[in-house]
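The same subunit A turns up in both complexes below, where it pairs with subunit B and then with subunit C.
== the complex of A and B ==
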């Protein structure tokens, strides 16, 4: 390649679409910061300008890095993720800063500073992975090792995990607490993609006739699926984490469908999960309690149902257009109405301040991420790559659906995070990794040589 | 199949499946968005205006609560500041404790103060447009005033007339449903509960009072109605065509002495021996309050028609009203006979207001108002308008709950009710309800409660019978016969009402 590239460096490829979308995101976030600052101070002011500038700077840096790297990767993912992360940052600035306090060296950081720190790190990971990962060999060759690592992580949490809000999700590593199930979801996607791609032919062809048009897979091929089901239900029981179980199993079913094309198997999987869950609810009081709280939180409005009810009230106060950033979440005696709003109920807080309009817009952003991921999957060179891309996008999309539906009392409430918006280092860093991998897998290869046909014709004419 | 062939077959393009998966995800997101719509649009009002809503509670601490006014603009509830600068509520009169309730930083709120908290706190009306527009204005420091239909004069008088007795009075304008008085005794010291300095003492006094003053008997009290319920039976009989003005039962005079045998159960009456062998028609039976006639009329009407008429009047469901209301009932339900009656004995007893019939005083006032209003039941209302701090008034329109019976049948029943108060034999029971110069229509009730206690004393009625402007229901617990206690009380109230009319 020749032209403007420096020796030893790839030729920069301009990314106008991404730049344009990033400008829109910057404009929206500035407007949000202005709205929040004005509500808070009573005069025209920008809330926490340094934080917003840092965040927009980090987005710009990733953009410039992708341009300089010269890879032709997806141009919509970064701005979409940037929008969601920015909304999360605005929310973190808007909430009381003492919700999370951590000492880093001599400095004491509050909620917004920590969220900003994690966001910038997540963007850095996304950028680095997008530029550095050229091949997925290291992912596909060692799929069983990855699976073993994942199970190891899970076991580690079972054994050493700390209980928070009735779920065992947190692993303490010195001063940093870490939620391994966040990383586990990526590892599982890698394993599923490798396994399902390898066995795709068998999954599609080796079917046993049952009755009429109904066919089923022979037992040996169902074993991994059964193991997955057992793992998911095991997580419900041992970790008491319905959210992660639902997420893992849904993503597994989606990928299984992509690989086998069999809707019957998927429906069967859903039925078995529901059946298993019903049995668990009959056996374990804690599961039963969760379901009861979901069905009727008003049965115990000041106890188990409190959080759920307060969240629904927040949605209701928001109405169609919301109260405006900073004008909602009325604190009574200095207490926010929803406990754990920054981790478990960010959508309720945003639903109040941005209204149903804001909620639908946020859901739309997640749908954009899913559609980009599926696009990358459809255009992928082989099955492993396709299933990897689809799985990674689904991990984000399905997780968003589960927690949003939980906040809105459509399904039982779960403790998983709202990707890119909830406070939490593990979640942000892992989701940054997911975006980086998606970007890397979307590479359309080097720029094709410019317009050879026209040059050829000119040459002929001259001759 | 060769390995290559199998491979080719297995590597079917994922395209269509990817699209289908994308559609499935889009549907899931759409479902979540619909969920947001349910809570943020459909359920937005009732959740965000609930007294337990954090927004309402927070506003209560920062907003000056709107005042509550009576129909003439007299202030029923206003605010005062305690030494620390915190606002608390003061009420014009103890007699208002049932309809207005209280609001307290310690004990929450009740009555109209709870039901209309969001309006009193200026959190906007119910229409989405004005709420959306309100976002662009400065936050309110003052809530809206509530203009009610109550008459402080009548309210005070009703409570005074009930005196030391437990009971309730509901008076309303049958044309509009405007509630003029909604009294429940005993009352409690709502101002005392609202004042932080006296709240504990006042609230525990109200809680410990064996008379249960915190129960609003007018809307929540459930009573056996006795003969006052015969008007409901008449409405059911006339509207189903089972009975008419000329209906008479030949066996009725005989049964007056021997008792009416229904399924082996003997219904005895015998309190109007002077009618002797006369087979009473509808008006006469109503005038002398003949239980035998009404038991026979109820049996002829049947459980299904009784149930249908009662439901049209509002039985079986909370009455749509500014305050929460208890459900009146015709039967306990679940019986094998139409309408949920256990047997014909229960039906015959229910027809004259015994059996398993339980009613709220508000429901019975609406029965009287329906007859007074030509068969159309008015929707009761307490709040007639909202006055914003800037003086803008938005009126709450009057509404009806629909036609219950034809105007002609209503006129016939009204005529019988006039006879029950003004007739030669009627006034033997109900003379106390008469008002000089005004024709009063009414029906007493003497509700036997079983045991040895005095019966509950009922009166329902309206006046002037030619063009009614007031309908009422009076219940005095253990007050004796309807004619001895409730009817004179109603007469006193009506006299005061008409004396105050221009």
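== the complex of A and C ==
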């Protein structure tokens, strides 16, 4: 061995690209705060300067921590997530603060303060995971244990859960209500990535010939994955969490396609999904109602179709450039037009105030996250890590697409959150965890040391 | 149009412009990244392809290399060489500066590069052959 010193402390690695992008994020968010404050007060003012400062400080702290940790991880993800979170914070600041009120100790916190608290915690989780996770062994070795844990969590909700809006999704833990289906999405990605990577050779080779060039996978190889998927979907469907069901299935299909490269199987999967959806619509009245609302919200404009219609009106009022932060959302008889605007319809509110231009920029940020995830996957050293990175990025991207399309009445509305923007503790924390894992998997290893000054050449006699 | 309305307009549009400035910068970063990756096909720094083997690893298997990779019979090695003539900790491959170097870790039977016995840190090019006992491994450029 050469006499290179053991690194007691890692050498800091500067991250100029991340710093530059974070500076742009800070500038943009300050402009947003200025826009909101000026519209609101009628003079040049920054809305909620303390909250904005805290948030930007948290972003800077994560940046400094990553620099000091000296790991060469992705430099684009943190600013992108920071931008989305900041827009969410501006929205939370802009909405009426009594939408969510929670007592923490003696203090009573409103919507913006709670959102800020969760955002800072999510950033802390992302930073800690990005620095601490050095190996994915503990993820891949115990994939069945993780799967069991995820299902256990879901069952726990089932037994002890509290019903909100006809779905049993939340679990009360002390003062904090928690949605385990958020965490389950990460656990499912870990399980599928481990399982599919382990059986990748089988998935590619062991195919049953059906007719012509059509070959299908032999069922036994798929059984564990299919069983896991069916269990997760079953529980979620019984809980009426249709958004989560759609998300789980889409991400499974994406991962399956990445692992096997078989288009036929994916088409078959989509066909199965549509079939399952038809059965669900026959069995559950909730599903039928959602579809009817989607097809014609004007059939019951003051009842089931109300939120959808208001969201469409919001997008229409926004137009191309929007009404400006703080200038939209006129209250109808003192009531917010969209009751669930902070959780299910943030995109409608943003569409009204930032217009199509702003919405496209926000969707662009999700696209950046997905493309980074796929890039990390392409550079990954092995299959498990590649599938994990791709799956984690796709979870965020697909979730954004599902809820955005639901807001726009492209698909039936399902109640899931817009990642990093919607209000919600469990959603923000879990998405923070996802970003942390993506950062950790993007590690390019230590900086190669400089070449030794006197290397012995082959075939040359020593003097 | 009074000055306040005008100010609000300007700030609103500046906010939207800042969003797109951010996206443009990110897109530039992504493009640069992809260009760099296509110029330098070493997604991994390199890989070892097994071309002859006594026992394990099987011929044809490929190992992606970390910047520091150990070889030997020991199961903790980066590349486990199950060969009667391999020591537990036999050799170490390191990526330094712009190329690979191999060092023999005082093994009993020595390490050969292209048939020559290794002394000290010996540079290895892509395509060079590393021999440990009867096991021969070719160093190749990593592919992303």
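Keep this in mind: the second predicted complex is superposed on the first by the 431 of 463 C-alpha atoms of A that agree within 3 Å, B and C clash if a C-alpha of one lies under 4 Å from a C-alpha of the other, contacts with A are read in each partner's own complex, and residues count from 1 in each chain.
Heads up, the rule we're going with is that contacts are C-beta pairs under 8 Å (C-beta built on N, C-alpha and C of every residue); 3 or more make two chains touch, one makes a residue touch a chain.
Just so we're clear, the structure is a prediction, and the values are computed from it rather than from any experiment.
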May I ask you to decide whether A:368 touches subunit B, subunit C, both, or neither, giving the answer as first, second, both or neither? second
Go through the superposed model and pick first if A:310 touches only subunit B, second if only subunit C, both, or neither. first
Have a look at where A:292 lands relative to subunit B and subunit C in the superposition and call it first, second, both or neither. neither
Considering only the touch criterion stated at the top, classify A:35 as touching first (subunit B), second (subunit C), both, or neither. second
For A:356, is the partner it touches subunit B (first), subunit C (second), both, or none of the two (neither)? first
Now for A:75: first (subunit B), second (subunit C), both, or neither, which partner does it touch? second
Touched partner set for A:324, first subunit B, second subunit C, both or neither: both
For A:378, select first, second, both or neither according to whether it touches subunit B, subunit C, the two together, or no partner. both
With the two structures laid over each other on chain A, which partner does A:64 touch: subunit B (first), subunit C (second), both, or neither? neither
For subunit A, which residues belong to both interfaces, subunit B and subunit C? 321, 324, 355, 364, 371, 378
Which part of subunit A faces subunit C closely enough to touch in the complex? 1-2, 17, 20-21, 24-25, 27-28, 31-32, 34-35, 38-39, 42-44, 75-76, 79-80, 83, 321-322, 324-325, 327, 354-355, 357-358, 361-362, 364-365, 368, 371-372, 375, 378-379, 381-382, 445-446, 448-452, 455-459
Spell out the part of subunit C that touches subunit A in their complex, as residue ranges. 4, 7-9, 11-16, 18-23, 25-27, 29-30, 33-34, 37, 43-45, 64, 66-68, 92, 94-99, 101, 103, 105, 113-114, 116, 119-123, 144
For the subunit A and subunit B complex, residues of the former touching the latter: 200-201, 204-205, 254, 257-258, 261, 301, 310, 312-321, 323-324, 329-332, 337, 351, 355-356, 359-360, 363-364, 366-367, 370-371, 374, 377-378, 383, 386, 390, 394, 397-398, 401, 404-405, 408-410
Help me check something: in the complex, which residues belonging to subunit B touch subunit A? 6-7, 9-12, 14-15, 17-19, 21-22, 24-26, 28-29, 31-33, 35-41, 43-48, 50, 52-55, 57-59, 61, 128, 131-132, 135
